[in-house]
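Mind looking over this structure? Questions follow.
Which chain is which? They are A, B, C and D, in the order written, and residues in each are numbered from 1.
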Amino acid sequence: MFDKVLQDIYTESKLQPKIGEIANYIPELANVNPDKFGIYLTSISGEEFGIGDVHERFSIQSVSKALSVALAYSLLGEKIWERVGVEPSGNPFNSLVQLEYEKGIPRNPFINAGALVIADMLITELKNPKEDFLGFIRNCSGIADINFDYKVAQSEKDTGFRNAALANFLKSFGNINNDVDEVLDFYFHQCSIAMSCSELTKTFFFFANQGLTSSGELILNQSQVKRMNALMQTCGFYDESGEFTYRVGLPGKSGVGGGIVALLPKQFIVSTWSPRLNSNGNSELGMYALEQLTTKTGMSIF
Amino acid sequence: MFDKVLQDIYTESKLQPKIGEIANYIPELANVNPDKFGIYLTSISGEEFGIGDVHERFSIQSVSKALSVALAYSLLGEKIWERVGVEPSGNPFNSLVQLEYEKGIPRNPFINAGALVIADMLITELKNPKEDFLGFIRNCSGIADINFDYKVAQSEKDTGFRNAALANFLKSFGNINNDVDEVLDFYFHQCSIAMSCSELTKTFFFFANQGLTSSGELILNQSQVKRMNALMQTCGFYDESGEFTYRVGLPGKSGVGGGIVALLPKQFIVSTWSPRLNSNGNSELGMYALEQLTTKTGMSIF
Amino acid sequence: MFDKVLQDIYTESKLQPKIGEIANYIPELANVNPDKFGIYLTSISGEEFGIGDVHERFSIQSVSKALSVALAYSLLGEKIWERVGVEPSGNPFNSLVQLEYEKGIPRNPFINAGALVIADMLITELKNPKEDFLGFIRNCSGIADINFDYKVAQSEKDTGFRNAALANFLKSFGNINNDVDEVLDFYFHQCSIAMSCSELTKTFFFFANQGLTSSGELILNQSQVKRMNALMQTCGFYDESGEFTYRVGLPGKSGVGGGIVALLPKQFIVSTWSPRLNSNGNSELGMYALEQLTTKTGMSIF
Amino acid sequence: MFDKVLQDIYTESKLQPKIGEIANYIPELANVNPDKFGIYLTSISGEEFGIGDVHERFSIQSVSKALSVALAYSLLGEKIWERVGVEPSGNPFNSLVQLEYEKGIPRNPFINAGALVIADMLITELKNPKEDFLGFIRNCSGIADINFDYKVAQSEKDTGFRNAALANFLKSFGNINNDVDEVLDFYFHQCSIAMSCSELTKTFFFFANQGLTSSGELILNQSQVKRMNALMQTCGFYDESGEFTYRVGLPGKSGVGGGIVALLPKQFIVSTWSPRLNSNGNSELGMYALEQLTTKTGMSIF
């Protein structure tokens, strides 16, 4: 069934005007071909459908935040919410003032401040933080050669003054326990992970499969998975989470590399890649394609 | 099936410590017995389950906003989003500054500023705004004697300086077309509507039934209903929308009268009433009961 | 001595590029000839020097706030600072959020919110508020026919939704005691007062003369006058108070009608009128002329 | 004349209730005896009057900002205002949001963000930044052994995460040219300078003497000094600049070490030291003593 629908969406999407700019704050992201486009869907029953550039790896960037939160949640349970909230953040303009107003507790783990706090937790919990995080992702996906892109990580480190500001600000409130430089190093590596559309659907399989990976390993229990999906639904798309929920109606997570992963619990995981971003930093064509998917199939959580 | 579950939840809920304060900014709300408590569930297949104070009417307050938006949406379609957004609002502290920053376009139709803009739309569109809005609700629910509580409406008008400030502020941006006093009068009446838990589930039936009321009338089409539910999911619980989504995992809407209505598309509509509010203005016990419901049954959208 | 200096400044000022826009939010202000320009200086010793359009009346607008504060201060003393602060307000963007953050206490009496609170005080204290305020000004200046411009006042009332928002917001915090409409009516009349440059220097004579009008009446004592001047220095020019202090170095007050009054204690009062406003709402040419005055004469408070 | 007045003020001040807390964020400041108190006045004509603990050195902290701005201003002239403003900052809560809103241009050079930008300018302009800055101060004061307190500087470095956040945030806007760590190192050393009340009046002599030090060296010209004093008047006391101007009526600068320096142009420089701070971080007793001084003598700029 998905074969025909995805084919139609792909064809229509390619006809859309080319809107949006590629992320260009570091050369490694700016050099990507902006016209790359792919859609990949993996169903819980094991079927896979892909069209376009679905096997080429790209920088998953903030999509990685859903994975770091899942790992921290599996290790620490509800305790993580003592240091980070579960509420959408309003607009970007408010992020710093909110952090001040709310005494250093980021609104949610998907804004950069929250992801830095999660990184700090993982550094404390993991023996070899970067290696262990990579191991977690390889384990979820069953793909052994998923890796950091060290050039991307280094570039972000060289220019990431705003993230350094956030980390220091959090530390001034006592919400970073480890060394600021170590937290930033972990965070920039985490965001630099490269995956393809196909690989993203495999990695996020357990979000749609009640916590079980495709090889049957339990990552999170059913209640935890429900909560992770809820969190992605309200906070997964920066300041456009409401818009994504409104238009697409699936929990998901996007990154400035142009990737989006979304899922319908107990049904499927779908991933898109198109590097042109709208003004909110989300993939323009990716959102279009996913809106078409839920509209044409009537399959959404609502 | 729901019989036993609701009975258990009711029993457990009654044993919870009595936390939270009743809304007391007007005498009409302050005089309600804080220990009132009821849960009512109506399934799409037509079954009904109720326990506790489910037939006593209370002031639905902001629950009415979901209904005024639904009516405006049915009359004007996507055009309504030119004057109000679909994004969660962050914290209350930011509401005014956001309105300024975003040039008088409220973040969503469920914050007061947004509801005032919706009220302004309805005044323009409806011949006899208050009567017609009441007619719409009677029609959705099939209950002919649902009515405004004129004493509540008058009290709110006498003390509603903050809403008057918002309406004037919106008008200064050109986002209120009618007279400020007329908009406030409509808004205060809308919020004063009194319903019981049982009646709420009947009124919101079409949100869970792909847009059709129980008598088969089409209020919104399927795509519109999906979008309304998405909107309630991300914005329906003030600054606790993320928390409600995280804990309960159902789209819904709350009011300071202590009522909550929530729903699982194609399955059921559930309503709770308990006047004690938490610090975010949501019913403490209502949220507890609904969290129990989705946890015990495993029935949520995620 | 001032004769030659003022003549030079006038000549140079007329050669300046015509920068800035006339206030145009109401027709009565928009219809003024933007090239009007005058400078008038009255020394404490009784000498007067004027050049240009110094005897034509214009709408003094916010310049009136210094007079309403002086009257409230003379009637209520330090008590007025329980309801309004003495700190500069930062940028306009913050005004509403500050009001919220600081529980309805405006930062100072020269921002609109503060002026509304002062208006509320005067309504409570004065028997016939508008008439008595006019009488106060006539008394300070010794000019019997100074009056409101009723057309200006009515126009502001018809379009003053932002001030209505502020007044309602203040009332929601309990910092307006009288009826909102009455406060707005007083405020709009106060701002509509028409005076010429010459008349402004006479009205503000007591600010530079240790509290005594030119006819020898004591309006404020020496300590109070010092404090009034201090307040104008830090808060008298909207969000450009620092800039005015930096460039001119005299306490003063401006209005969107294009008027500025400034003074050197025990020396002189000077007034300028030029309706073209810079982006902060202050008279572009007036600020230029006053900067020239203190630079050429070396006479400033610093 | 000042002898008797200062004696009276000293006696009265010692009778005041002991209000306020000593700065305690680093041990070096927390260990100071909170009851230290001194007043020192140096007149332009060369007379000196002192009473209390006027020869004991303390950490001047933010008082140093007036000196770093003076040095940068003397080196770069009006160009410095391209990177930092001259407006008061409103309340502390807004500082970060303003920095964001105003694209990384701090409101004035006395808030920490502004002082960091000034530090960055000095590092670029000076050959040996820390040594040269110390040389500048020794030169202004004529006191050869004024020095940094290296323990204080180190302590601030170890805990100054908020300043590190600010510096990184400024760098993300391109308003820091040098290495963040180097800027912070300079800044923490600058603030650690130790001086006595007596020494402060000598160092700030040129602010009151039209730019000339007591040994006759020209640091700033007359117009520049006027502007420096104007800046201290509107921005010198954190979020209490309006209050200080209102109560005292002299330009000045305070520090969390409990020191205040103020001056009446062409008349005198006065300094106080009392480590107990009010909630705005200004010396409680110091402000009291200075208010008494201008009230008793009638000598203020207004």
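A few points about this structure:
Everything below uses one rule, namely that a contact is a pair of C-beta atoms (placed from the backbone, for glycine too) under 8 Å apart; a residue touches a chain by one contact, two chains touch by 3 or more.
This one's a predicted model, so the numbers in the text were calculated from it and none came from an experiment.
Under the touch definition stated at the top, subunit C and subunit D share no contacting partner at all.
Put simply, the C-alpha centre of subunit B and that of subunit D have 55 angstrom between them. The distance from the centre of subunit A to the centre of subunit B, with each centre set as the mean of the Cα atoms, comes to 32 Å. Once the centre of each chain is set as its mean CA position, subunit B and subunit C turn out to be 47 Å apart.
Among the residues of subunit B, those in touch with two or more other chains are 93-94, 97, 101. Every pair of chains meeting the touch criterion is listed here: A-B, A-D, B-C, C-D.
Considering their complex, residues 85-91, 93-94, 97-98, 101-102, 107-108, 222-223, 225-227, 229-231, 233-235, 239-243, 245-247, 249, 251, 265, 294-295, 298, 300-302 of subunit D touch subunit C.
Of all residues in subunit D, those touching subunit A in their complex are 93-94, 96-97, 100-101, 161-162, 164-169, 171-172, 180.
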